[in-house]
Structure formats: C-alpha cells, structure tokens
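Both complexes shown next keep chain A, but they swap its partner, so chain B is in the first and chain C is in the second.
After this line comes the complex of A and B, so read on.
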C-alpha cells in the first residue's frame, strides 16, 4: 500500500504549490503555515480537486476518508443519533467515546464547536480506512481532548494516516514528517531524524535539539522525557 | 464594464425591463448579447444551468395551468443572465463606493457595507456547498431530495455564523454607522454606451410597441 504524489503542481492567483512524495503506511505529519496549501493538498489527495499538473497514485488504497477542518460540513443527520447513523456507526458507542451520551436527540448544531469536533472525529476514527486524511484535527479541541485524539490515532494499526496541521503543542506518535515551505512540500524524513530538518518544529523541540537532547518522537511523553534529560544533564 | 455605478444601474433597469414585459425581456436579452462577454460573463455556469432548469419546471407548470409559461420562462432567464453578469463583474468594494457616491458617507456607507457583506455570504455559500457535497460523498450519500434539508441547514448555519463573526468584529472595532471613503470611478465610452442602451431597453419595455410603429 502506498500513496505516490508525482510532480503535482497546484496553482491559484499569486500562489502555487509543488509536490513530490511517496507516503507509506504509518502516521505522517504535514506541517505548514496558515494558507500554505495544506487543505488544498488534502483535497487533491482525496480526489476532490484536480491539480494543474501531475498525478496522484493510490496503490492498494480503496477506502479514503477526509476529515475537513470545519466539522459542520460533514453533518447530514438532523439529530446527533442520526448523524452517527449516517456514518454507519452505532450511536451509543460513538457518543460514549465522544463523551456526549444523553445528547442523542439534540440537533448537531446545538452542540458547541468543540463537542461537534469530538463527535466528528469519533466517527471518522471509528471507520476502517486505507487512507485517512485529517485536516487540522486538533482545532477547537482542549488539551485533554487533543491528547485523547492523539491516542486514538496511534491505536490505528493499519493504512496511511496523514495529519495536516499547524499545531504546535500536541502531536501523536508520528513516523514521517513533511512540511510546506516556500510553495514546495519538503520531505523531512522518518522520525527521529526528521526533527533535525523540520523548519516548522515547535520552539520547545528546537530548544531540545539545540541542547543535543532531541525527543525520540512528538508525543507529550517523548518531549517531557527529553526535557527531563536536558534538565538532568544541565 | 469598468464603472460600478453604471453596471449596477444598468442591471437594475434591465431587470425591471425584463420583468415587466416579454418585449422588454427580449430587448434586455439583445443588450446582454451585445454588451457583455456572453458566456464569459457567467462565472458559475453549472449553478446558472440549475437555476434555469428550475425555472423551466415552474414555467411548464404555469403552461399546464393554462397561463403564459413561455413568457415567464424567457423573462426569468433574462433576469438570471443579467444577474449573473452583474455578479461576475462585481469587485470587492464596488457596492461600498457606489453607496457612498450615491447616498453619502453615512447611509450610503452603511448600505454599501451591508451589500458587500451580502456578496461575501454569496461567495461563501458556493464554497460551503462544494465542501458539503464532498462530505456527503465521503459518507457515500447520493444527492437527492432527502439531502436538501440537511444541506440547507448547514448552508444557513454557516452563513449565520459568518455574519455573526463579521458583526462581532465590527462591534469590537467600535463600528456604529457610516464611514469615510472617497469613491473614484473611471467610466469608459463603452460603459456610457451600454448604460444608455439599458435606459433605451427600459423605455422600450414600458412603452407599447404600437407607440413606436404604425401597426
């Protein structure tokens, strides 16, 4: 199973993005500034937008899922229970995992943005997929919920998961890092070596790398361990 | 058409002309053929096609009820073409400039601002609809009558949320009403010719054909 982006070029007025890369099974992180083209790239990979040039090859991939940044767009059910059913999922289980039990008969639009995001991610992450594209999955979530989502992402042991985000604090355990810099998708490589080449790395990770104690991965635990070692050695 | 004032007034006159009579609609249609980029003036041809299809259905029902469905169809189609031309040519700030030029920095500015916000909502609706269709296809849902209600709710909810964001932003920045602006327009000769043509079309629409010709 692999996803190959071959000489992709996306063009808009005064903006362009060039992409080359092969995504193998595992968790991939694509970082980049706001407006750098992360959402556009996610939609192109999912097949909902066409690039100006280049091809997207999905080898051994049949089930594709794209989670858009704003969960409202995904709503098709007029109640929370029907919304779960529209994903083909069992509502009580999903609502329990999203900590929304008891809200079955409420309209999804009466939920707060954070609650709706929780519900949406619970549905998306429950579905079996070969290629899962998560566009800003951590927006509108508090720290505890971000950690829960990260744990849930790491519980998926199959397929390719690509997270498009400019998040700077909470990450799941990732296998590969990419970043969009100056209109190009740059391959930073596999973890942990990718951290050395990751220009969008959060400041605290950059500090740890400068102190020669780069974390093994991006989870909170990895970063705390590296920080503790730095503190001990200092 | 470079001058937003002439574009807006022309669209208003032509819409009235097309609405009041079939001869006005035909004249407005000819004006559209002469003074616009025709197909190039239609930014979203698929949406326009759907609107015309909807009008065709209504026209057929009118026709079946024994009334003049064909006249209704022609008049509405021309109004849609004129509206699509106006929408495609509209630049950000056109309503604001025209409002201030026409009604001053208080009422004109406020009305212009409201119109600009309306345009932003219209642009947002199109993008929202595309994203909703993507989300529905991800769930394996096919477009049908049962999708109209949830889609409508999402569109209205998104438009209201966007409007609330904008109003909160204006309130936070201390906006009350009116504003300062020095509108500048650069009408071309073709703008003036087209504007005069629109006036003639309206005149032709409201005055009986027998007033022109000895019949």
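After this line comes the complex of A and C, so read on.
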C-alpha cells in the first residue's frame, strides 16, 4: 500500500505549491504556516480538488477518508443520534467514547464546537480506512481530549494516516514528518532523525535538540523524558 | 475592573468574580461554558439574571471587538480589505482614515499581502487573522477572543500575541487550549460544568491543576 504524489503543482493568485512524495503505511505529520496549503493538499489527495499539474496515485488503497478542519461541514444528521447513524455506527457506543451520552436527541449544532469536534472524530476514527486524512484534528479540542485522540490515532494499526496540523503541544507517536516550506512539500524523513531537519518543530523540541537530547518521538511522554534527561545531565 | 455578580445563563453559574485590566485567559474542558461566558462578556448574549459590568457599564454599552473561533460565521464582505474596514464604515469614519487604519491593522497582524484577496479563498488561519484585524481596527476597549489561536501556527501565534499586547484594549478576554499561552496572562480562569472552579494569576491556578492535562507541558518539563 502506498500513496504517491508525483510532480503536483497547485496554483492560485499569488501562491503556488509543488509536491513530490511517497507515503507508506504509518502516521505522517504535515506541518506548515497559516495559508501554506495544508488543507488544499489534503483536499487534492482526497480527490476533492484537482491540481494544475501532476498525479495522485493510490496503490492498494480503496477506503479514503478526509476529516475537514471544520466539523460543521460534515454534519448530515438532524440529531446527534442520527449523525452517528449516518456514519453507519452504533450511537450509544460512539457517544460513550466521545463522552456525549445523554445528548442523543440534541441537534449537533447545539453542541459546543469542541463537543462537535469530539463527536466528528469519534465517528471518523471508528471507521476502517486505508488512507485517513486529518486536517487540523486537534483544533477546538481541550487538552485532555487531544491526548485521547492521539491515543486513538495510535491504536489504528493499519493503513496510512496523514495529519495536517500546526499543533505545537500534543502529538501522537508519528513515523514520518513532512513540512511545507516556501511553496514546496519537504520530506523531513522518518522519526527520530526527522526532528533534526524539521523547521516547524515546536520551540520545546528545538530546545531539546540544541541540548543534544532530542526526544525519541513527539508524544508528551517522549518530550517529558527528554526534558528530564536534559535537566539531570545539565 | 470587570465585575460579575450572581450571573445565571443556561448552565453558567457565577456568584461573584472580578477581572482586572489586562489579559484574562479562560481554560477548561469542551462544553464547560467557556464560549457562553465569552458571549456574555461581549454583550452578544444577555444574562438570564445577574450582571456583568465593565468599568461600571454593561458590555453592549462598551466598544467590544469579537473574534469567533469559526470566523466563517461572521464574514460579511467579499474581500479582506472590506471585511477589516466594516466596523469603521458602519461607524461612518472618513474614507481616508479607514484606508490608513485598515493598512496599519493588517500590518500589525501580518496580512497586508492579503488585503485584495477574496475572503472565500482564505485558509482557516488566514480567516482568523482577518477577523482579528477587523476586531482590532476600531481600537475597542474590550477584546473578546474565542479560541482564536486554534488555527494559528507558531510564528503567527507569536505575532498575534504581540499585536494583542500593543492593541491598547483595556481588557482582553480570551479562551485558549494552548496552556503555554494561558500561562502568559494576568488572570486565569478554569471553568468546568458552568462554574469557575479556579481564578487568579496563572501560578496558583495551574498549581491546582497539577497532574491534569491542563498543566502546561513546559512547567512539567521544569519539575
């Protein structure tokens, strides 16, 4: 199974993005500045937009899912229970996992934005996918919920998961890092070596690398272990 | 000072709370009432009972700038420049002042290069920056920001933090899920299930949250 992005070019007024890359099974992180084209790239990979040039090849991939950054765009059910049903999922199980039990009859639009994101991600992560594209999955979530979603992402042991985000604090364990710099997708490589080349690395990780004690991965536990080792050796 | 007394609105219950001038950050779990509290502070919603007084007057008698976490809900005009200028135009400001203030504010949040662009083609983060510029352009006394930083990258968030501190607003009330940002506040509120469980400067509030996911990672690294 692999996703191949070959000589993709996206152009808009005063802006362009060039992409080459091969994505193998595992968790990939794509970072980039505001307006760099993360969401556009996610939509092109999902097939919702066409590039000006280049091709997207999905080898051995049949089930593709795009989770857009705004959960409102996904809602089709008039109630929370019907929204779960629209995904073909068992509402009580999903609502229990999203800590929304008791809200079955409410309109999804009466939920807080964080609750709506929780509901949406619980549905998305419950479905089996070969290629899962998560556009800013952590926005609107509280700190505890971000950690829970990270755990859930790492429980998926099959397929390609690509996370498009500028999150700086909470991450799942990732296998490969990419970033958009000056209009190009840059391959930073596999973990943990990717951290040395990752220009958008959070400040805390940059500090640890400068102290020659880079974390093994991006989870909170990895970062705390590296920080404590730095503290002890310092 | 912002004085809150016997406030009741939906699930929100605040008996007594004072917010000093400066930056107040609000943290707490999803669905705890943070956005509801911000809407009351901005005068977008009216309390069912009780009162919020900002330097002695109600929020809708005060100049308030509001930034929604999902700015698409508030966009009125097709181009970035017109969207930022909207508040000034509704106040019948002179055209030459509007052009000058729009350019200066766009510069402050780093979006001068976007002024002629179509709002519909902005990314999620760019829309937040436009909404922030539109809120700042008329120099409000109170800025209310609902998770404005959840769509911003590291550099953008730093730029916005500087812009907020130079905005001249007497009160900045913001909801954030970035605990490192919340740690740099004059006042911090932790809201859960409609109640303010902890209030004060960041050190004692975060001390009360030690061992939870809300305790800043950088503070954990120092331990």
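Quick note on the criterion: the second predicted complex is superposed on the first by the 234 of 234 C-alpha atoms of A that agree within 3 Å, B and C clash if a C-alpha of one lies under 4 Å from a C-alpha of the other, contacts with A are read in each partner's own complex, and residues count from 1 in each chain.
Everything below uses one rule, namely that contacts are C-beta pairs under 8 Å (C-beta built on N, C-alpha and C of every residue); 3 or more make two chains touch, one makes a residue touch a chain.
All of these numbers come straight from a predicted model, not from anything done at the bench.
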Overlay done on chain A, so just call it for chain B and chain C: clash or fit. clash
Would you sort A:65 into first (chain B), second (chain C), both or neither based on which partner it touches? first
First (chain B), second (chain C), both or neither: which does A:25 touch? neither
Check the residue A:87 against both partner chains and state whether it touches chain B (first), chain C (second), both, or neither. first
Look at A:172 in the shared chain and tell me whether it touches chain B only, chain C only, both, or neither; answer first, second, both or neither. neither
Based on the superposed arrangement, let me know which partner A:109 touches: chain B (first), chain C (second), both, or neither? first
Give one of first, second, both or neither to describe whether A:159 is in contact with chain B, with chain C, with both, or with none. neither
Quick check for you: in the superposed arrangement, does A:43 touch first (chain B), second (chain C), both or neither? first
Touch count on chain A, higher of chain B and chain C: C
Determine, under the contact definition given at the top, whether A:75 touches first (chain B), second (chain C), both, or neither. first
Both chain B and chain C touch chain A at residues 70, 72
Please output the residues of chain B touching chain A within their complex, sorted ascending. 128, 131-132, 134-139, 141, 147, 149-150, 153-154, 157-158, 161
Sort out for me which residues of chain C touch chain A in the complex. 28-31, 35, 69-70, 72, 113-114, 117, 121-126, 129, 147, 150-157, 177-180, 212-214, 217-218, 220-222
If you look only at chain A, which of its residues touch chain B in the complex? 43, 46, 48, 65-66, 68, 70, 72-78, 86-87, 109
Tell me, which parts of chain A touch chain C in their complex? 12-14, 31-35, 37-39, 69-70, 72, 111-115, 117-118, 136, 138-147, 166, 168-169, 200, 202-204, 220, 223-224, 227-228, 231
